[in-house]
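Multiple structures follow.
Two complexes are shown next, each including chain A; its partner changes from chain B in the first to chain C in the second.
Up next, the complex of A and B:
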């Protein structure tokens, strides 16, 4: 898809001496907005761009961190002038702008995007074009804040399961929200993988056998039962809905990592990751 | 069917109070069951029947907020009643419906265990009918009074199992007292015909009038309140020819008005199970009985019908009219007898206390008055006070409540000699 007007506008700006620390263009803005929607459970997100791509992170209650990774390869152009470009932005506004021509994905129509950022203190500029109509959006950026470091490293992973998302979708959609927690049991023995809720009307357990066709990888080394605040995990349903596979890992401290593999309509693969602290005394988790 | 058709003294439904009473009872009863060690109910539903069960729960959820679950020798019965007690439904799944059915043994006192659960909770398990059909291969329901949990286990595709441990309240028997044999009029049609007729009414329509003309012409019309200005309303009337029905037996021109919501629920169930629906009804104001029968399953929906407007403007609604028209033995077989038996029980129970005046209801047997009973020991006195008030107070709605009998599993009830309980069961056998 030709992207002449925005590119032209960009070139004009460049010619007039503006220096972009981040410039990216994308034929289908939908590829970006879909990924952002998977982590859109808070208004404010931190964006970090490196040569590898764009990482958009949202945090909640100092216990949950969700990041969407949109690798450079997804973009037709992705130029970062510094080692890392970081800013905070209102995600709701960013999503509204990206979908300014509507969210419907009629065949043959797509919004093209060029995204530019001049650096600290400047707004993020979006040029959106569809059917010859161009919209320019400038979204104010905010001071980047320190992000949580969950220090989740793969060497400390105790249990790991990769499931087809289909198997979890219904489970998450039906979660008994009167339960405070979602208890996850992973074990080399029965019940292998169990999701439990304890609500007003009683408890519910969902068991997945390790030889299920849904189970792609089952590497559980020891029995672990951890509880996570259901209110924290519920937002991950958005990522689950978009994904085809999900990797569920817990480390020695009971921290949970949920990685969602999301395939866009062009067959490109992106990832969304959620980290969540177990539901226990704050003193113990020592963030 | 082994109904125990006894009506206790009536009370207005008062949900919070009943909750308390039942909760108090539960602890005591659980203890009792532990001591007597009664066997657990267990049943297994497989294949397409899981969806049938799900559909039944959906139909019941249109009626009440609580689901009454009772395992009997004749099958598993699921019942619900609405808060104003003008609608009652009972689904009885025969043992043949299940791959495995164990009603569980009676306890030391010959009582089978029964319970009620929040409809919302139970419905959540069967919420998505398409996914139920697609993914669930087997559903296991077990009720172990000792464990204090009703367990519903769904075996799904890919070896996934969902286990729901639901808390329940032990409860009294919920039973509407009706006898379709005594209804003068009968219609029977395939569910499809009725679904196609009802679909023309707006979803918001509350009540519908079913009329049968002298030539056997059946009509369905949206009910219009007398207070509504005729110029501002639209009346939709559908006429169905007698040929559309499998059976039309209506001795005289009749029109009955009933709530559409509950009827729609049953229709959607009937349509999916492809069973003909029979409607038994009588004069306006008398309950209408909608039923489906199959070797595997028996469904009854009892809906109050609107009393004749001319009659209801008179002091005591249509009771008088009914009184004249319906022969006395009708009352005896219908509700009065069971009412009297319940009186007897009450006298037995409450020993020294003066029995609630049985004379009033006997002298003025009012089949159309609210005679519902879901009583508990804790508030029986209060109930009786209210009973006295019920016949005198004009009904809030024009729909009259149905008759409900309830038999409590409680200490006093057990003090009652067993033979009389059997009599109750026998007497009411024919009613259903």
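Up next, the complex of A and C:
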């Protein structure tokens, strides 16, 4: 990328006298923008960078948290000078900048990205290049705020299934949005895995048998029926559309974890995770 | 005053439709000037237009198989009409598979451009769809208002970058800001910049080339003594720039802009024998 500033946080620190706490390079900006779109249902997101990579989190109504993980290996360079670098940023603006050269690119062309951040109080600076044209963006950042801790740990997981995403895509795209809730039933017995809605036209149930071809893992120990506000879960359809596999887990409190495995065009794998707490009015667990 | 014209060739019809669609994107109402050889779509820089003005010139021979007109008088063999180009655009939408399209000036309860589209039909007689587009005849005493604009005394003239890239960038910038700064210098460099409380974005285009204008004795063309690095800039309404770019075909024969610092940006676009001048004033 001859047109972008030289790679290597060290070189930049010397050259410009500024100290980047986060410096990253990515040959194809869309590897990042696609992942961010999967969690883009609010304007504000929290970015957290560690040596492992970048985590971008969006929250809603104090009941839903979605995170996109783009691990360091996806980037051509990813250097974090502190243990963890965190800031809040306008995700809509960030996406507009990452896709400044358009979203549909001709095969063979791509936008190269260099991302730099000097720390608290500084903007996030993006250098984007495509076809010899360079765009520089400086996006203001804000102080990070405390994020929800869903305290979801694998030891409390009661039920877990892993499904191929193609099985769920149509179901989620066609969810009856006149229903307030999406009810998820998971059980070692029939109906095994059931999605239900209760809308103006009536209730709809969609069952997936445990021996279905789409079912990769079926580990259900206890019958659980939980309801979640459908407006909170609907945005996860974006992540589902991009993914090849999804893991659905519920814990002893009825909290829901959806993990989506997303493969980009170069075969690299990233994850998106949604946590959702059950709708407080109705939460039943049957023994 | 008479006007009748006919298009028989489907490629000409598609081309004409594309031109009208472009004009419809740029102006809600405009003036159509008809002469024996050319059609002109003209928009003058009234406050109602937000100060933009437009001059679009087509040779009738490139589109019409038949073209006859008689102006208001022998010495003034021209017709000026005020029309809403979107109406013409809609009429032409029905003409996609037409055998012929006839346009003529008529007087139904008011002056109209009547577009008669002959569509293929299975029956022996053709189907004809007729659209009457109301127009207003502009009297000769007002014709002076619609003269061809002169090229302004610009500070910098520069060829535009690849329109596809410029279009994408301006589309995105439109989401972020209401105004955009266009700046360019005589070194073939152009920058598009937006700056708000939330974000600042600058796109740098290089090696664009500067058109060689021949300066006649009269015009004070200051470009000769100008430092090639110095930028001429103007801040304009980003929607107006986006509208201009949205209507353009991908590869114009010629595309350039002239910048009068802090005053106006003047675009010249030539594509398949359609010549378009478009002026966007700088914001206060």
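To be clear about the criterion, the second predicted complex is superposed on the first by the 265 of 287 C-alpha atoms of A that agree within 3 Å, B and C clash if a C-alpha of one lies under 4 Å from a C-alpha of the other, contacts with A are read in each partner's own complex, and residues count from 1 in each chain.
One rule holds in what follows: contacts are C-beta pairs under 8 Å (C-beta built on N, C-alpha and C of every residue); 3 or more make two chains touch, one makes a residue touch a chain.
Worth saying up front: this structure is predicted, and the values here are computed from it rather than measured.
J.: Could you check whether chain B and chain C clash or fit when both are placed on chain A?
T.: Here chain B and chain C cannot both sit on chain A without a clash.
J.: With the two structures laid over each other on chain A, which partner does A:101 touch: chain B (first), chain C (second), both, or neither?
T.: So A:101 only meets chain C here.
J.: Once the structures are superposed on A, label A:214 by its partner contacts, choosing first (chain B), second (chain C), both or neither.
T.: first
J.: With the two structures laid over each other on chain A, which partner does A:132 touch: chain B (first), chain C (second), both, or neither?
T.: second
J.: Identify the partner contact of A:153: answer first if only chain B is touched, second if only chain C is, both if each is, neither if none is.
T.: Touch partners of A:153: none, neither chain B nor chain C.
J.: So, does A:90 touch the first partner chain B, the second partner chain C, both, or neither?
T.: After superposing on A, A:90 lies in contact with chain C but is clear of chain B.
J.: List the residues of chain A that touch chain B in one complex and chain C in the other.
T.: The overlap between the chain B and chain C interfaces on chain A is empty, containing no residue.
J.: Would you mind writing out the residues of chain C in touch with chain A in their complex?
T.: Touch list, chain C to chain A: 161-162, 164-165, 168-169, 171-173, 175-176, 197-207.
J.: Which bits of chain A are touching chain B when the two form their complex?
T.: That would be residues 167, 170, 174, 176, 201-209, 211-214 of chain A.
J.: For chain A, which residues are in contact with chain C within the complex?
T.: 90, 92-93, 96-97, 99-102, 123, 130-140
J.: Enumerate the contact residues on chain B facing chain A in the complex.
T.: Residue positions touching the partner: 117-118, 120-121, 124, 127-128, 131, 135, 149-150, 158-167.
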